[in-house]
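Shared between the two complexes below is chain A, which pairs with chain B and chain C, respectively.
Up next is the complex of A and B:
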């Protein structure tokens, strides 16, 4: 039984960082239609910034803030400098994001070499309850994810900004006619999604070492979660993140462990066949008058 | 008109001098390197050009090589395969056909080497690959003159040798630290072609040493969260969890294993004690490590310190698998000696010389290739006690593969 409970906790922990990525992916796609495959590299940059800050002697909490700000700023620059020119042609945005993956990876390799980077665990306590081991650092990651998800819910559902955002997703042109500064909202969402990736990177390096190539695997899972939940659907991303985390935990623990990733992506394919807009319904990107 | 002619003649003369690269390059011998300097295998990959580059510099600083009474300098031409087999193939084609290298070193990945050999061997290019896995293609038939792989050399011991010496070393070093003879082992292995291949040998080697191995747990490459795999291993109550084979993945998994209390001791394949020290790793249980082939952070090999001092001074980063560079560095010197002995760059004469030479390298004072072009030498295994003290020893390989 203790092994079973341990696997559930493992699944929750896996779900946390992936959910943070998926929320960023799903928000950006929902409003802009951009499928940003470089989102994993945003996460990696967040981890690198955290590593640099901690290596420079700063505490982990301050390093997390720096990672969020740095990746948010990077998102702002890239949206204004690159992605805004692709909004009318999302395929171009997709291609740009593929190019960015290589560029960002190689910039990091150039300045900080390709080797693994890690930081000392910010929390080292491990609790043992009835044979189940609970690492405090994992609890911290899960708690931060829950807090961020709750804040995002609140922002999307209850704030004026969130209503305008949802209106922009529904119909960008009508929203603009109603006085919503859609372009600014697009930038804002891109920055928010990027900042979440920065946070995800900071949390990731608190758990595991990272390399300049860590982003690729993470973003694939982030997209799987976003697609299972329904692209553009933040609630769906959270629920799908949990499902995928539990599926991964249990498949590694009890199934053919080497197929762990395959189970996740098979689930994604199955969901897309049965429910093309995801389990909880999603968008096909922003609607615009032609 | 005369002026125009004079100007034309002068220009032609100048262009003629400039356009005669052979004049400048006559005494240069080009050596190609194809390795992963980016992508998931970068950790081992970047050690190839670093090791080859250091050897090239050492040879050139010592005056180059004398072949057939003429002095030559070596030049390394490296290409990043980005851990992508198609890129490795394209890079090899370019190095062979356009750059016209005399020899190629790489790749660190078995599958890539096989693909590269399809280009290097018909072109009669001497090809060194630091893979332990080439036994199936390096057969007496394939390496004979005119054979398919006559110019291909394996610069790492065969896998049954490496696995055998590693398993024996791990068990020998961990037993006194555990205070009892370990009996049950679980292997955690990256699920790619290399992992599957290598683990089959290591599994046999552990069994040959009397270990009960109830499970081999494969994880998808690029896994970062090992907790479900480790929890599964923990449920089997092992004396030792053997992390096999990717050093980067191993370093990611170990702290998680320690948090979960997954086993009574651990073995980290391909993690150097130097990294253990630099990262200030510690464990409340014994941890064994192995290097391919000699460790840089702590070593029982007397030549290791001087080599790694020079290696790192040349700018190579302290990596998990920096020692992999030795699977290439020594063989640049070996090849240079073979060219000098052959008195020619003729590939057939070079192969003959490579097969008869006994080379004094860093890894061993007596490096030789067997008739199927494979090298044999010891592997270094170290163990960190819970208090932090690290001890190392070179483990000789078994003479024969264990019977399955």
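Up next is the complex of A and C:
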């Protein structure tokens, strides 16, 4: 029983990071139709920035803020410089993101070598509750994610900006006709998604060492979660993140750890075959004016 | 516009043949390279490039003609390579018998992946193929002794042709050139057949094609299977050339590099895959870059090509030459015709 709870906790802490990616992925896709594979590299850069900041002697909280700001800024620059021009052809946006994967990974390798990078755990306390060992750092990751996700929800469901955003996801052209500055929202979503990925990277490096190639697997899991939940559907992404976290936690706890990475993909393929729009229903991308 | 960009009208004999001619001339010149006693390093690079080009011709049928982008092409190559290695180990099957068997295995795998993936349509296909690629790598890694786990399999069979040993680098080089030629001719034949026109109709407008009675789903899967045949053959050549294969060679990142090559070269023109494969293989040599730097250059090239030359490098050069020769600006319609992914809405 104690192993069981511990594994669920482990699964959930990784699922937190994946959910943070999935929200960015799902929002960007919902609004622009761009499948941004480079989102995992945004996460990786977030981790690297945290590592650099902590190695330079800064505290972890400050490093997290730096990672969020740096990756958010990067998202802004990339959207203005590249993705803006691919809005009419989302496939081109996808291909650009492939190029970005290669470039970002190897720029990091070039400057900071391909080896694993880790920081000392920001919280080292381990609580013992009834024989269950709970690492506080994992609890921190889960708590921060819950807070951030709740905040994003609140923004998206309750504020007028959120309503405008949802309207734009639903139908870009009509939203634009209603006077919503859709282009600016697209930039905003890129920045928000990137900032969340930056946070995800910072949290990930608090849990595990990362390499410049960590982004690839993580983004696939992010996409798996986004697709399982239904692309464009944030609730779906969070729910699917939970499911995946629990499944991965179980598998690691019961001796199938070498297959851990396979579950997300297998689950995704299965869900897509049975329900092509995801478990909770999503958009199939923005309707393009033809 | 003559050949190239307006392949749709090039169905009639002579014109179609003319589009094949440049590739044949280039390949004939490439086949003469051993006369200049190149270094072993050059030959190895050229062989790897050629093996990639064969796979790229399959990808160009899929992406260039049908407008479907696969991120699992390296997985199909991997199926071919593993099929060759396992057949040689367990059944003593040699190179030539492994070719059709591996092509069949890759085609079957493509069909298994294609049926569910294409059912979900559009953007999901890319992600599905990517996921299948990753899954294959995981399965191969966890396959125990049968697939050799993470270290992979060795393959030490001799390749003979009419009793002559082909393992020698120069001979293997010539053989790969012959295979590349076959692949180019096959892809040219597909482009200029009524089948190719059907695929292009699907690329340009799926709904319209369906309304004309074209079975869109079946043809898309068919195109994926065809790309699998090319990939399988390329896999056999790769396995016998390297003598050792491992799962990481066929995961999704090699697939990204294949997609990158075909797009840098240009997926629609028959010269595209050849140019892309050669360019990506030799660019680091020419510019004297280390692998990390050259990858950055590839990535930047890909982004630049997509943003600036949607036809790929060769298409762009051809268009620029034509514009310079005729001296008149391009009308809007041709610009539209030349952009990939038009059909993807």
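Rule of thumb we're sticking to: the second predicted complex is superposed on the first by the 286 of 290 C-alpha atoms of A that agree within 3 Å, B and C clash if a C-alpha of one lies under 4 Å from a C-alpha of the other, contacts with A are read in each partner's own complex, and residues count from 1 in each chain.
Rule of thumb we're sticking to: a residue touches a chain if its C-beta (ideal position, glycine included) is under 8 Å from a C-beta of that chain, and two chains touch if they have at least 3 such contacts.
On a predicted model such as this, the values are computed, not experimentally measured, just so you know.
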Judging by the criteria at the top, classify the pair chain B and chain C on chain A as clash or fit. clash
For A:216 in the superposed arrangement: first (chain B), second (chain C), both or neither? both
Which partner chains sit in contact with A:100 here, chain B, chain C, both or neither? Use first/second/both/neither. second
On the A-aligned overlay, A:61 touches which partner chain: chain B = first, chain C = second, or both, or neither? neither
Contacts of A:109 with chain B and chain C, given as first, second, both or neither: both
What is the contact status of A:181 with respect to chain B (first) and chain C (second): first, second, both, or neither? neither
Give one of first, second, both or neither to describe whether A:261 is in contact with chain B, with chain C, with both, or with none. both
Taking the superposition as given, does A:3 touch the first partner, chain B, the second, chain C, both, or neither? first
Can you tell which stretch of chain C bumps into chain B once we superpose, 4-12, 184-192, 238-246 or 292-300? 238-246
Can you list the residues of chain A that touch chain B in one structure and chain C in the other? 105-106, 109, 216-217, 258-259, 261-262
Quick check on the complex: what are the chain A residues that touch chain B? 3, 6-7, 10-11, 13-14, 105-106, 109, 113-116, 118, 121, 126, 133, 135, 204, 207-214, 216-218, 248-254, 257-262
Residue numbers on chain B that touch chain A, as the complex places them: 37-40, 42-43, 46, 191, 217-220, 222-225, 227-229, 231-232, 234-235, 248, 251-252, 255-256, 259-261, 279, 317-320
Touching chain A in the complex: which residues of chain C? 69, 116, 119-124, 126-128, 130-132, 134-135, 138-139, 141-142, 252-253, 256-257, 259-260, 263, 292-293, 295-296, 298-303, 306-307, 310, 339-342, 344-345
Show me the residue ranges of chain A that touch chain C in the complex, using the header's touch definition. 29, 33, 35, 37, 82, 85-86, 89-92, 94-96, 98-103, 105-107, 109-110, 216-217, 220, 223-224, 227, 231, 258-259, 261-262, 265-266, 268-269, 272-273, 276, 284-285, 288, 290
